[in-house]
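Paired with chain B in one complex and with chain C in the other, chain A is shared by the two complexes that follow.
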Partner chain A sequence: MIPELGHFALILALAVALVQASVPLVGAQLGIERWMRIARPAAWALMLCMAVAFGALSWAFVHDDFSVLYVANNSNTALPLVYKLSAVWGSHEGSLLLWATVLSLWTVAVSLFGRGLPLAMLSRVLSVMGMVSIGFLLFMLLTSNPFERVLPPPLEGRDLNPLLQDPGMAMHPPMLYMGYVGFSVAFAFAIAALIDGRLDAAWARWSRPWTTVAWMFLTLGITLGSWWAYNELGWGGWWFWDPVENASFMPWLVGTALVHSLAVTEKRGAFKAWTVLLAVFAFSLSLLGTFLVRSGVLTSVHAFATDPARGLFILAFLGVVVGGSLLLYAWRAPAVRSHVHFSPVSREAVLLLNNLLLVVTAASILLGTLYPLIVDALGVGKISVGAPYFNAVFVPLTLPLAFLVGVGAMLRWKQDRLERIWRHARWPAAVSLLAGLVLPLLFDHWTWQAALGIGLACWVGLTTLEGLRDRWAGRSRPLAALARTPRAFYGMSLAHFGIAVFVTGIALTTTYSLEKDVRLAPGESYVLGGYEFRMLGVHPVHGPNYEAQQGTLEVWRAGRRVAVLHPEKRVYRVQRNPMTEAAIDAGVLRDLFVALGEPLGSDGAWSVRLYYKPFIRWIWSGGLFMAVGGLLAATDRRYRQLVRRDARAMLEAVEATA
Partner chain B sequence: MNRKRILLFSLPLLFFGLLVALFLRGLELDPRRVPSPLIGKPAPTFTLPRLHDPAKTFSTAEMKGKVWLLNVWASWCVACRDEQPLLVDFAQRHLVPIVGLDYKDDPRDGKRWLAALGDPYDVIAVDASGRVGIDWGVYGVPETFVIDKHGIIRHKVIGPIQPEILEHRLLPLIRRLQEEPA
Partner chain C sequence: MTPARKKRLMLVGLMIFGVGVAVALALRAFNSNLMFFYSPTQVVAGEPPKGALFRVGGMVVKGSIQRPGGGMTVRFALTDNRNTITVQYTGILPDLFREGQGIVAKGRLRPDGVFVADEVLAKHDENYMPPEVAGILKKPKGMRTGP
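Moving on, here comes the complex of A and B:
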């Protein structure tokens, strides 16, 4: 009964979305205020329907209702409750439901915080979001209904994929989807502005905080995904250039470009047509990500069960959404001209370069991801593109980006002088050069990769700090100057500082990681990176839905016990595939990572993989810094004041007519 | 508004149109099917260092008189990860020797990868430069070749081996080939 209620709520949601997508838009075009006013209640109604549907599926999982096919395929009575709940989005149908639910949440958020917008603008934005909702709801109802029943119902479910039974994986999809779907807001603003025909600074100001928040979630989602891969795939890597990882990374790159070009459009009125295009691209790439995962055109570890009917539907959907917006763009954008001039030494110029580099990077990754398909479609042959290509393209393109980031933030708009910048940049340059040459000597050998990485990280960090110092140095009241500095500036600096942290992590982890496969019997030990790993033994343990062999290893250093680690080799009772559950002693300066291999011989010996990974946490910390920076920037007082001011202006206008 | 400007702003649309055409074609194609001109021809010979013992080499001559499989893989290959559990399982049945060709790969990455996912191979040859891969007409990774007792390539699977393909195509073929006189 409850699942049918959920199914019904989905159908109702489709009806509401149809109204939301059409009535307010027509109202805005014809200037009928009553029609425009339907947009906001419709957004709320849509969210309510989605909440009922999502709640119904969660209910089915919690109550082990295996008569629902999706539950039977992805759950089990022995599955811990947390994972029953996260299993809701553990596979294709449910993750679509999550996507549509998140979209309805964003729609309501826009209608709540967008009260200060002109009514016609708000109606158009909400209508465009309604159109996207229609697409996803139709997709679910026509090809991927999560509430489908199975008769007779099985007594026991097939359990959730063991890889997904991890806290990181439970949180990763919601964060990622908040980001993907969040770009639909920037997209809707761009389309609304194109329909309206006015692409001005106001449009950029309205969509800026939304874009930044979406970007923040996507940053968090990707960071969590990388951390999960490190924990769960069990061989110490943190990024694999898998098509699905690329699918989330491309919108992030374009989104980062968008965040920066929106700043130029808002402050200087430049890059208008380009910014709109980026907003369309960021969301299109999010949709493309969905397409690549589910259509079966590419092979990937993440691939959901593939079905050509689904692929065809998504392709048609993609064609309508992206093709339609690009058509609108080709029609409207030629009329938009930016009459803004800036010198080659100015913040605009550096941001233009930033945009170019980010977009070219995203395009190269798109090319690498699609290349096997292109070659196949042309009938030339079949190939697979791997990490060697992506590293070869990614590193040279992003090095200049990191090089420019701190300096770019210090440059003035319109025109600046190189001498002024050099005055600020010379001490960071000197210190970074020195640090790059000397600091690697603290590790066991000097390499130029480490020198480059450390030098670059110092350069990014120090120029960013110098940018902050520039805000108060030489002022009569430095503290007041610091307090007056907008929160958005601190946010930007923090995010840029995150790049420094991230680069440090990559450079040191890739250069100085140590690893060893050893055979350890109880009582034996092995020394790696100055740490002694002592094997105490391996014993069977019982988990709620798995059996495991659990090892116990002590880690000693300088006569002191640093950690006790319990790596496991698990076999999940239902799906029967063995899983390596690595044990990690995490630290700011290094991780110690132990994974069990296979039992060897009769004396209780096991093959064990040991890793010493210096500074690996810095990679994800960098991501966190960026996300927090994004949050600070998006919550700047400026945007809230604007909303309040606009709302007051509207109130006065209403009173005047009354 | 001049015509050039309109054309410029239509470029994204044109580019997207091409992409859609590509995807439409991609939906029809099976990423795993490909003809090979090498089937029925003598397998190209090679001598390469072994992964676990680079001082020693492996040569195709060692396999003369046996039916064997050549599985081309690499640690950077995502699809190989899908295939590995099946291969490991299959290797435990000891029906046929499996030779691995670690293709365009860093041997250290290769070893790490095997340690994580299991090692089904009787012997692994390292083709770091990809030269042998070219001789064998390797388009993508993974690929699996079936070679008979006379050193003739009899079958080739592109992409990860699926359980049905293994049971219904590869196994009957291997059994038949093993019964042929040497």
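Moving on, here comes the complex of A and C:
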């Protein structure tokens, strides 16, 4: 009964979305206020329907209702409760439900915080979001209904994919989707502006916090995904240039470009048409990401089932979104073109470079990701584009980006002088050069990659700090100057500082990691990176829904025991898949990582993978810095004032009419 | 030239330069990093260029997994149900590597016909077959379906 209720709620949601997508838009075009006023209640109704549908599916999972096919395929009575809940988005149908639910949440958020927007604008924005909802609801109802029943119901479910039974993976999809779907707000604002033909600083100021929040979620989602891969996939890597990773990384790159170009549009009224185009691309790439991940065209961890109807639907949907927006853009963009002058030495110029580099990087990743698909479709042969390609393209394109970031933030708008910047950049340049040359000597050998990485990280960090110092140095009341500095500035600095942390992590991890697959019998040991790994033995243990072989290894260094590690080899009872559960001794300066391979011979020996990973936590810490910076920037006072001022204006209007 | 023209020219120049650099990088990286996929039949026929890094896919033949000396090196036979090659790998195999499973191996062919892999991929879903492998697997002649 409850699953039928969920299914019914989905159909109802589609009906509401149809109203939301059409009536307010027509009202806005014809100036009929009553029609426009339908947008907000429709957004609420849509969210209610989605909440019922989502709740119904969660209910089916919690109550082990295996008569629902999706539950039977992805759950089990022995599955711990928290993973039953995360299993709701563990596979294709449920993750679409999550997509649509998150979209309805964003829509309501826009209608709540957008009270101060001109009514016509708000109606158009909500209408466009309604159209996106229609797409996803149709997709679910036509090809991927999560509430489909199976008769007769199986007695036991097939269990959740063991790889997904991990806290990182439980949180990764919701974060990622908050980001993906969040870009639909920026997209809706862009389309609304194109329909309206008016695009001013106020528009940029409105869509900016939304974009920043979406970007923040996407940053968190990608960081979590990387952390999960490191923990769960058992081979100690943090990024594989897997097509699915690329699918989430491309919208992030374009979204980052969008965040920066919105700044120019808000502050200087420049880059308007470009900003709109970026908003369209960021959202299109989010859709493409969903398409690549969920249609099964890619060989990947995430590609579950292959169903041509699904792939075709998303492809058509993508065609409508991209094609329609570009047509609208071609028709309307001349109306929003900006004519603003700036000198080659100015913040605008550096942000232009930033945008160019980010977009070109995203384009080359897109090329590498789609090329095998295109070649295969043409029947020329089967090829794959591996990590070497992506590294060869990504690193040279992003080095100048990191080089410019601190300096760009210090530059003034419109026009600046190189001498002034040089005065600020002198000491960071000297210190970074020195640090790059000397600090790698602290590790076991000097390499130019480590030198470049450390030097660059210092340069980014120090120029960012210098930018902060510039706010108070030489002022009569430095503390007051710091207090007056807007929160958005602190947010930006923190996010840029995150790049420094991130670059340090990558440079040191890739250069100084040590890895060894060895055969270890009980009592034997192996020395890696100054750490002695002693194998004590491997014994069976029982988990709630799995059996495991658990190894015990001690790690010694300089006569002191550093850690006792318990890596496991699990076999889940239902799916019978073996799973490597690595044991990690985490630290700020290094991780020690042990994973069990398989038993060898009869003396209790196992093949064991040992890793020494210096500074790997810095990679994810960098992502966290960026996300927190984004949050600070999005909650800047001037956006909150915007909401409060509008609320006050509304109150006054209500009092006036009363 | 007016300042506006000059600026626009500069912008266009900058973009052409940026895109040019990116294309050059991409092409260079493409040339050296594209990896082709072959089936065991194609390998036996000598299609892959000598000494090249490439990928080969197929099913692990039942009962063919050997660990000479109980060490870290493993040898197994890989088949597309028409031809079979021997693959050698040193290290830890992925969790889902097992007999009868579709896998993809990356590596080089040794002159004696043994494929020395530096990476072996088996996917994370037990029912999942890499599309390349599914495409080349032919049912052996005379194999009946059903009991």
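The working rule: the second predicted complex is superposed on the first by the 636 of 658 C-alpha atoms of A that agree within 3 Å, B and C clash if a C-alpha of one lies under 4 Å from a C-alpha of the other, contacts with A are read in each partner's own complex, and residues count from 1 in each chain.
Note that contacts are C-beta pairs under 8 Å (C-beta built on N, C-alpha and C of every residue); 3 or more make two chains touch, one makes a residue touch a chain.
The structure presented is a predicted model; accordingly, all values stated were derived computationally and were not measured.
Clashing of chain B with chain C is the outcome of superposition onto chain A.
Contact with neither chain B nor chain C is seen for A:L5 once the two complexes are overlaid on the shared chain.
In the superposition on chain A, contact of A:L397 is made with chain C only, not with chain B.
By the document's definition of touching, of the two partners only chain B reaches A:A330; chain C does not.
Using the contact criterion defined above for the overlaid structures, shared-chain residue A:G386 touches chain B and also reaches chain C. In the superposition on chain A, A:L370 makes contact with chain B only, not with chain C. Once the two complexes are overlaid on the shared chain, A:D242 sits against chain B while remaining clear of chain C. Of the two partner chains placed around the shared chain by superposition, chain B and chain C are both touched by A:G597. With both structures placed on the common chain, the touch criterion links A:V562 to neither chain B nor chain C. Of the two partner chains placed by superposition, A:V150 touches none, neither chain B nor chain C.
Remark: of the candidate stretches 4-12, 22-30 or 112-120 in chain B, the one overlapping chain C after superposition on chain A is 112-120. Overlaid on A, the two complexes show chain B and chain C touching the same residues of chain A, namely 234, 299, 301, 381-384, 386, 388, 517, 577, 580, 595, 597, 607, 609. Contacts from chain A toward chain B in the complex involve residues 233-236, 240-243, 273, 277, 280, 284, 291, 295-301, 308, 311-312, 315, 318-319, 322-323, 326-327, 329-330, 333-335, 370, 372-374, 376-377, 381-384, 386-388, 515, 517, 577, 580, 595, 597, 607, 609. By the touch criterion given at the top, residues 3-4, 7, 10-11, 14-15, 18-19, 21-22, 25-26, 28-30, 32-37, 55, 67, 70-72, 90-93, 95-96, 123-126, 128, 130-132, 135 of chain C touch chain A in their complex. On chain A, the positions that touch chain C within their shared complex are 161, 163, 234, 299, 301, 303-304, 339, 341-342, 344, 352-353, 356-357, 360-361, 363-364, 367-368, 371, 381-386, 388-389, 392-393, 396-397, 517-519, 575-580, 595, 597-598, 600-601, 605, 607, 609. Touching chain A in their complex are the following residues of chain B: 1, 5-6, 8-10, 12-13, 16-17, 19-20, 22-27, 29, 31, 34, 74, 76-79, 81-82, 85, 104, 111-113, 115-116, 139-141, 158-160.
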